[in-house]
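Each structure below is given as structure tokens.
Same chain, two partners: subunit A is paired with subunit B first, then with subunit C.
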Partner chain A sequence: MLAYAVRRVLATIPLLLIGTFVVYVLVSISGDPLAKLATCTQCDQQAFDRIIDLYDLDKPIPERYVNWVVNAVQGDFGPAVSFGSIDAGELVLERAANSARLAIPAFLIIVTIAITLGVYSAVNQYSRLDYAVTGLSFLGISLPTFVFALLLQTIMIWMLDAFGWRPFFVTGMRTVELDGFLPMLRSHVLPVITLVLVITASESRFQRAAMLEVINSDYIRTARAKGLPNRKVILRHGLRNALIPMATIWAIDFAALLGGSVVTETIFAWPGLGPLFISAVTQLDLNLTMAIVMLTSLLVIVFNLVADLAYGLLDPRIRYE
Partner chain B sequence: MTTPLLEVDDLRVTFRTDDGDVRAVQGLSFTVAEGETLAVVGESGSGKTVAALAIMRLLPRTARVEGTIRFRGTSLLDLDEDGMRDLQGDDLAMIFQDPMTALNPVFTVGDQIVEAIRTHRDVTESAARARATELLDLVGIPEPKQRIDNYPHEFSGGMRQRAMIAMGIANEPKLLIADEPTTALDVTVQAQVMEVVRTVQEATGTAVMLVTHDLGLVAGTADRIQVMYGGRLFEAGPTDTVFYGSRNPYTLGLMASIPSAVGRTARRLEPIPGSPPSLIALPEGCAFSPRCAFATEACRDEPELRVVDAASGHATRCHRAEELPDLVAARATATAGSEGGAAEPGAAGDGAA
Partner chain C sequence: MSDATLDAREGLTTVSRSFGRQAWDRFRRHRLAMIALVLLALMTTAFVVGPWLSPYAFSDQDFSALNQGPSLAHPFGTDPIGRDLMVRTFIGGRYSLRIALLIAVLTTAIGTVIGALSGYFGGRLGAAIDQVINLFLIVPSLIILIVLAARYGSGPNAIAIVIALLSWPLIARIVRGSFLQFRDQEFVLAARAAGASTRRIMFRHILPNVFGPIVVNATLLIGIAIILESTLGFLGLGVRPPVPTLGNLIAESKGALQTKPSAALIPGGFIVTITLCANFIGDGLRDALDPTSRKS
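For the complex of A and B:
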């Protein structure tokens, strides 16, 4: 299994190279840093030369890419010019930590609720609660994220108007260190709820489908024929098998959450990766864009590997050679 | 006569579907005595598996089960969930058709047998494991001490079915229902598995209800046979009586369609024409009449299951039961070159057994 993991990690290197090359080229050709200077009347040749030098604009794109890779593997992602030329790598890590503050609690809540709802719906297929869960899930899947976010904000504003007090903050991030525990909690709740609402909807559907397939299988009948209590049949024999396909879905969702959510973080003015990415792309900040792409690709690759290894633990039929 | 181990009276099972009610079992009555082997034979869709699942109360909730099922005097359909669970896997056990899918892939074979034991017996994990090893040895798994920690996918089909049997008999049931235990297996393995069932029966004295579509398999194993068709009992009696003196055209048809391994007769297999009836819209009268070579006007009325030989308890559902041997003989002479379908089945049965 260790050899397999090592091999998988090595296999990600060409994957990362191809991915970053494509993004590097696309971002490089999608805008010209000199364009802004074209209408600048006070700018002299010196300003042009400084920018050409800064971005290596006198060299071909593949060569620039190779230079970027050489620096990147040494941990130097260059300055983020749109953020006062601070180190892009450090900036991304700082924002990623902020995104994780939402992603980790949201993920734990999502998995708990999705398993509970999925199992309950599958076991009581076509019951009223199953229909209710199905209906709400489709609502969650089809409504855009911003609807939930704005709705939650509206409720808070309404409470502020009606009672002069609101339980949760509408925008911004508070931390324990700077603001204390309670403000931290009050600022985290709404964005976490938004993420939970949106992702739980689809995950509970997957869980229900996985569980339905399992509880109609022969070995569940065998377990019942043994005289096992229903709870043991469902949880020990049923859920244990239904979790196997979920491992992949969790890995994808968790990687996506850690990579920052553009809409949710933007609406709640959360200093996470999502708004940072939007700003980097719109301002054509190549170094910053590349640092974010690098991190999100790594997240996807790492969590896919985690999922594949989890498969081996959950399913004895899978062997790694 | 003492009270039988299992007493099924007027069992009816109906599934409600969008196309109409599927009457899978219609008025089935039979008994199983302690220690005996009863074979329930019929084509796919004859209701034999549904009847077995109804006894185990393992049918989905959409099934409507009526009638009475008494097991050692207890009415199973009136038991609450807890009461039924106490019986399931203990005095009343079942093994299933497809050993490939009937074992849970994520637990070891040992774990699954240990679970069956500890659900009903208050024993330690290690005692249950020791018992599980014994059981695997009994059903003929080589090196049971090592194989107990294997997962089902590390077992062959035959070994999995042996493991299933070990799990079924773990608590020495009074009645073991085997639903097509050999259908998914190779012919050579089939014989081995039936041998295991016999060994187990000798070791534990359990009664066996063997559900199968394979008459050949039944010949050497069963004390009594009951033949089902269209959710009804068509013929019932001691194995030899049914094999050599069947009074039912459907049973005769089944036997004529078994290939014989002995006697290089050039006899052609005679399939039963047509296919089993739809259980939603059964034919008027005798359910078999549309496929029956001997059907007459009288068969428009549904025949009763009636006893033709009180001594052996041989019963059949056919208007023409008395004249049937003559009819078959006449038909045999009419088909030139053939030795006669009805005279053959005995040999066919012995051959397959």
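For the complex of A and C:
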């Protein structure tokens, strides 16, 4: 299995190189780093030369990309120009930690709710509850994140007007160290709820489909036939097998959550990777964009690998060649 | 009464019904899908006809009613410079629907052709397309979108084309799977033996079998496209104002959530309703066109 894992990681390297190269070229050709200087009347040739020298602007883009790769492999992602030239790698890690503050609780809640709803509506297929869950997930899929988030904010504002008090903060991040435990909790609730709603809707559908497939299979009939209590059949024989195909979906969703959510974090003014990414790309901050893309693609690759390996542990019939 | 209908009535023969007719009968029985279809038709009519009937044009300013909530004169309220929000919402809906339809049609066309080619010919072409799809996983679509929009402008059509260029892999994968499944079956062999050209086999013999999933996914794409377009508009990365799309309208009024939540929530409600309708119609179409594939 170790050999398989190593081979898988090696196989993703070309893809990663091509992907980052595409991003590098796209961002590089979109803007002229000297444009701002060109309008400056007091700057002399020296200033131009310094910038050109600093960012190797006199070299062709592929060569600059190779330099970037060489530095990136050693952990040096260069300065984030749009953030006062602080280290891009450090900035990204700091923001990633803020995104993780939302991603981890959201993921745990999503998995719990999705399993419960999915299993329950599969076991009671075509019951009233099944239809209710189906309807809710349709609504969840159809409700754009930003509309739901605005709705939550409107409710909070209305509560503040009506009662002079609101349970949760509408924007910003509070931490235990700076603001205390309760403010921390109050600032995390709304963004987490928003993330949960959007992903739970689709995940509970997948869980339901997986569970339906399992409980219609022969070994479930066998388990029932030998007289096992219903609870045991569903939980021991059914659920455990219905969780295997979910591993991939969890991996994809968790990687996406950790990579920062552009919309949710923007609306709740959360200092995570999402808003950072938007600002990096719109300001064409090459180093910063590259550092974020590196992190998010690594997350996708790592979690896909974890899911594939988990497959083998959960289902011994799967062999890695 | 003719003999044929008499026979049919007495159960001696059955009146044969075309595939379209059968599908429509199945679709009609899906109650939610029918409601969604009617609702979508009503909204489309309102978007198209509404602005003509309204006494205000979409950029008319009413200085006696600046930044107001819903009232009789302005059912959806007015914006800070006195423009009637009902007309603006309808025009915005028009743009959003048009963009969504364009995205659905373009994405389906690109995805079908690429999926068909890679599924039928397989081999190196199929592998290459797989790699492109993988590449899309790593290169964030937002970067491509922002870069292309900076280059080719962000009018409604440009945004639709860019989004379509980013979302075809979804359809391509579905079509490719079906082509892989059908290309070695007997009816294809029979067609080839009868001398049909490759193009004819692909589009006349195999494609009709994939028709169901393609139509269903095109419908679902409308919902996805409405959400995508409005989210981009909300982030300020979509169609450039002053073109009012539903997303742009929400972006304009998100600052006034405290004083006038209706300005953001009404267009938001339209987005949700359109998407819900598209999803229910897609569900109904799946039952109608593709009854065997229904799983979840």
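Here, the second predicted complex is superposed on the first by the 319 of 321 C-alpha atoms of A that agree within 3 Å, B and C clash if a C-alpha of one lies under 4 Å from a C-alpha of the other, contacts with A are read in each partner's own complex, and residues count from 1 in each chain.
Please note the rule applied: contacts are C-beta pairs under 8 Å (C-beta built on N, C-alpha and C of every residue); 3 or more make two chains touch, one makes a residue touch a chain.
Here the structure is a predicted model, which is why all the values come from computation and not from measurement.
Chemist: Mind checking subunit B and subunit C on superposed subunit A, clash or fit?
Modeler: Taken together on subunit A, subunit C would fit alongside subunit B, as the superposition shows.
Chemist: Could you look at A:106 and tell me whether it touches subunit B, subunit C, both or neither (first, second, both, neither)?
Modeler: Once the two structures are laid over each other on A, A:106 reaches no partner at all.
Chemist: Touching A:195 in the superposition: subunit B (first), subunit C (second), both, neither?
Modeler: neither
Chemist: For A:247, using the defined touch cut-off, is the partner it touches subunit B, subunit C, both, or neither? Pick first, second, both or neither.
Modeler: Neither subunit B nor subunit C is touched by A:247.
Chemist: Answer with first, second, both or neither: which of subunit B and subunit C does A:72 touch in the superposed model?
Modeler: Neither partner.
Chemist: In this superposition, which partner touches a larger number of subunit A residues, subunit B or subunit C?
Modeler: C
Chemist: Applying the touch criterion given at the start, work out whether A:289 contacts subunit B, subunit C, both or neither, answering first, second, both or neither.
Modeler: Touch partner of A:289: subunit C, not subunit B.
Chemist: Once the shared chain is lined up, is A:217 touching subunit B (first), subunit C (second), both, or neither of them?
Modeler: In the superposition, A:217 touches subunit B alone.
Chemist: Once both structures sit on chain A, report the angle subunit B, subunit A, subunit C from C-alpha centres, rounded to the nearest 10 degrees.
Modeler: With subunit A as the vertex, the angle is 70 degrees.
Chemist: When the two complexes are placed on top of each other via chain A, what is the minimal CA separation of subunit B and subunit C in Å?
Modeler: 11
Chemist: Mind sorting out which residues of subunit A both subunit B and subunit C touch, each in its own complex?
Modeler: none
Chemist: Over in the complex, which subunit B residues touch subunit A? Could you list them?
Modeler: Listed in rising order, the residues of subunit B that touch subunit A are 56, 58, 81, 84-90, 93-94, 96, 98, 101-108, 115-116, 119-120, 151, 153, 164, 167.
Chemist: Would you pull the subunit A residues touching subunit B in the complex into a rising list?
Modeler: On the subunit A side, the touching residues are 217-219, 221-230, 237, 240-241, 244, 314-317.
Chemist: Considering the complex alone, what residue numbers of subunit C touch subunit A?
Modeler: The contact residues of subunit C facing subunit A are 131, 134-135, 137-140, 142-144, 146-147, 150-151, 223, 227, 230-231, 234-235, 237, 250, 254, 257-258, 261, 264-265, 268, 271-272, 275-276, 279-280, 295-296.
Chemist: In the complex formed with subunit C, which residues of subunit A make contact?
Modeler: Residues of subunit A touching subunit C: 15-16, 18-20, 22-23, 26-27, 30, 138-139, 141-147, 150-151, 153-154, 157-158, 205-206, 208-209, 212-213, 262-263, 266, 277-278, 281-282, 289, 293, 296-297, 300.
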